[in-house]
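In what comes next, chain A is part of two complexes: it sits with chain B in the first one and with chain C in the second one.
On to the complex of A and B.
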């Protein structure tokens, strides 16, 4: 009973945070590229993860569905990194909210799937996401043309740098998961 | 050794036979591409540079990919039938991915003449290309598909072994570092597989970064990446994978040779230290591919030379010594399998020595990008890993139980050895005479001596390749018949190796 109440409170907090990030703070978060790509997008993803922690019974146990889900998550991440999508989401708040909801669902599903999927899929997914982040970061760093007309080249390069740092962390995490999983006695 | 049901063993055997037949069909086709290239260099036939480089690309990518794939399939089979349970579905997934990848590569190179070489060195696939842009995209996607299939297979084998033997440190043989001998013996092949497959996983992860960057460049041509970064990623992937292929082959040498010598080949402290050292140094040896890149930090160049020496020597020296101990006064019957293992080990050592020579900075200044480079890697691929693979195939079809009947393959084998070594000799002589590598023909070389030497050596090499192919075909006659017989349902009642 007590746990149920905690979960309900957590869901309410997540909903409140989602509302704050998506409505009152939306203009501020859409002002620069690092804020939009590195705060708003991951924040929504993180909220999805927290939301999943509130409903631990929701699990994707079927491996095929899990792989399909991971492909959906990967495609979502790629889609919201495309310059055109970024521009559209800055210009149209409702399109931006679609991104928020998509990221929330992606974060929610990621844990639900990774918790139950097999080791091989887990490592391939984490490795590919890390590789994607690194490649995107490097691309943003080296590109001297404005990719998103809503932002500046300096912001683009700054975002690239942070993407690289996140990717390094993500790769380290992948390796930790790899060796930890291989070290089960 | 765990108990594995005969049904599981049969399923695994069926899978490995499928891999074997595919490889046996693909391999001579890829050799023929090599023959065509040498014929062109020898001026006995004419082909456009575009065609030459397309053939070179398919030959290189096809050989590297198929040798790694069959090596992985064979080691998976040995593990699945003796040491740990492997999921057959993962094996088939890997097979389908590799076949799809190879098909994509074949279309890109043979139809669209994609010719950036196996290494796709940046910015070669994108700048000044005389092939359609879609073939670059197809090549990148094909390698991604192929890579994901192989990566999942590598991870699956590692996980199964770790589960069976109690963790990564145990399967890497770290328990042998202690003073007291371990309670439970670790099979050599388990340790060697681990030492090989962990770097392979890291190499695939590096390749995924590189290939995603290539995809970004493909979709947005105005992007310009740092060529040095991409060269480092390319060779970390390529060099590591080729070395891993060799080490996996050595894995089944440790497993199968003792069955012929009737002597144990156990892991000792020295073996464990040597192989673990190799695991570490193999990751840094690729720096020797960047000696000519003056912007590469100098300490990395020195690290490249040191790592090349340290990665080659411990495992090779320990294995050579092990092979000698296995064979000395063993009264072994010299059937085709141990013969292939012995000459395969020799090929590994000779090619490895030539590689170490070339990785020496002062020598590399002279030999860099000459035919010495293909000479060394063809030596350990053709006379090392391929002989190990053929030995495995003969073992698979029961050459151990039926040693008396393998006279025809033996004749083929010796023809193959003579043809291969004379083919390799032409490469080495070309290297020593400064004949450059990757030239479609030598007509444009202003030095008459180099031009003529290159062409004559290529002519001699072409004849040698024909001899090599003839030997291969003789071996194929028995090999194919037996493999096909093994894959038929009637063979299900026979003993599963």
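On to the complex of A and C.
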């Protein structure tokens, strides 16, 4: 009973944060590229992860559906990192809110799937996400042409640098998961 | 039971959505997407009346010569001026026998609210007095929606960011043939002055009549 109440409060807090990020703070978060790509997008993903922690019984146990879900998550991340999507989401707030919802679902599904999936799929997924972040970071960092019309080249390069740093952290995390799992085996 | 078709269908659907969104993986930015949506070259250059720095109304289609057209706005913090500085170099690198007899330059402002004839005339003077054949122009008696439609048909992305006075836009340079068709599209972000000059001159010399863009 007590745990049920804690989960309910957590869901309400997540809902409140989702509302704050999507509505009152949306303009501020859309003002620069680092804020849009490195704060808003991961924040929504993180809220999805927290939301899943409140519903631990929601698990994807079937490996086929799990892989399908991971493909959806990867495609979602790719979609929202495309320069055209970034521009459209800055111009149209409702399109941006679609991104928020999509990231919330992606974060929720990631934990629901990875919690039960086999070790090899975890490693492949984390490795692919890290590689994608690294590739995006390098592209943003080295391109001397403006990719997103809503931002500046300086912001683009700054975002690229942070993407590279996050990718390095993500690769490190993947290695830790790999060696931890190997030790268990 | 492991159903392989479930992830395969998911993969296919995701590829379809991404393909549709990027125009078959050809356009990843809003600039290139708008350009792709305008169609392939050669294609008709849409017509609206323009007014130049001297107040003379003209149509690009009535010039019956090659025209290099680009779009700017004078309050632009940087990129428009950089592109025009490069156009100035291109202008001076082309033989005076070809400009303006065979080729003209037209720089159109897409900010008629703030740019008027006096401003564009003054702006033009920054590029020197001896630039015969390079007009700076404004849309003439053209409504906002009609002008937006005109830009869309050409393949130019322009979006005034609310409250900032900034217009986010593409910087493509369009080479229009005497038959009023867009035959080449140059991207100054990817092509240097020499390449743009050589490609333009090859069109003037009749060695190339259709775009490879």
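One rule holds for everything that comes next: the second predicted complex is superposed on the first by the 184 of 185 C-alpha atoms of A that agree within 3 Å, B and C clash if a C-alpha of one lies under 4 Å from a C-alpha of the other, contacts with A are read in each partner's own complex, and residues count from 1 in each chain.
The rule is simple: a residue touches a chain if its C-beta (ideal position, glycine included) is under 8 Å from a C-beta of that chain, and two chains touch if they have at least 3 such contacts.
This one's a predicted model, so the numbers in the text were calculated from it and none came from an experiment.
Engineer: Return fit or clash for chain B versus chain C, each positioned on chain A through the superposition.
Structural biologist: On the superposed model, which is not a single observed complex, chain B and chain C fit side by side.
Engineer: Identify the partner contact of A:10: answer first if only chain B is touched, second if only chain C is, both if each is, neither if none is.
Structural biologist: A:10 contacts neither chain B nor chain C.
Engineer: Mind working out whether A:182 is in touch with chain B, chain C, both or neither, as first, second, both or neither?
Structural biologist: first
Engineer: For A:171, decide between first (touching chain B), second (touching chain C), both and neither.
Structural biologist: first
Engineer: Using the superposition on chain A described above, determine whether A:81 touches chain B (first), chain C (second), both, or neither.
Structural biologist: After superposition on chain A, A:81 lies in contact with neither partner.
Engineer: In the superposed arrangement, which partner chain does A:123 touch: chain B (first), chain C (second), both, or neither?
Structural biologist: first
Engineer: Touch check for A:38: first (chain B), second (chain C), both, or neither?
Structural biologist: neither
Engineer: Is A:145 touching anything from chain B or chain C once the two structures are fitted on A? First, second, both or neither.
Structural biologist: After superposing on A, A:145 lies in contact with both chain B and chain C.
Engineer: Put down the vertex angle at chain A formed with chain B and chain C, C-alpha centres only, nearest 10°.
Structural biologist: Apex at chain A; the opening toward chain B and chain C is 90 degrees.
Engineer: Applying the document's definition of touch, where does A:67 land relative to chain B and chain C: first, second, both, or neither?
Structural biologist: A:67: touches chain C, not chain B.
Engineer: Nearest approach of chain B to chain C by C-alpha atoms in the superposition, in Å, rounded to an integer.
Structural biologist: Checking C-alpha atoms only, chain B sits 6 Å from chain C at its nearest point.
Engineer: Based on the A-chain superposition described above, do chain B and chain C contact any of the same residues on chain A, and if so which?
Structural biologist: Residues 145 of chain A touch both chain B and chain C.
Engineer: Would you pull the chain B residues touching chain A in the complex into a rising list?
Structural biologist: 90, 148, 151-152, 155-156, 158-159, 162-163, 166-169, 201, 204-205, 208-209, 212-213, 216, 220, 222-226, 229
Engineer: Spell out the residues on chain A that touch chain B in their complex, using ranges where they run on.
Structural biologist: Chain A residues touching chain B: 119-121, 123-124, 127-128, 130-132, 134-136, 138-139, 142-143, 145, 171, 174, 178-179, 181-185.
Engineer: Of all residues in chain A, which touch chain C in the complex?
Structural biologist: Contact set of chain A toward chain C: 63-65, 67-69, 71-72, 74-75, 78-79, 82-85, 87-88, 91, 144-150.
Engineer: Please give the residue numbers of chain C that touch chain A in the complex, ascending.
Structural biologist: 2-4, 6-7, 9-11, 14, 17-18, 21-22, 27-31, 33, 79, 157, 159, 161, 168-170, 189-190
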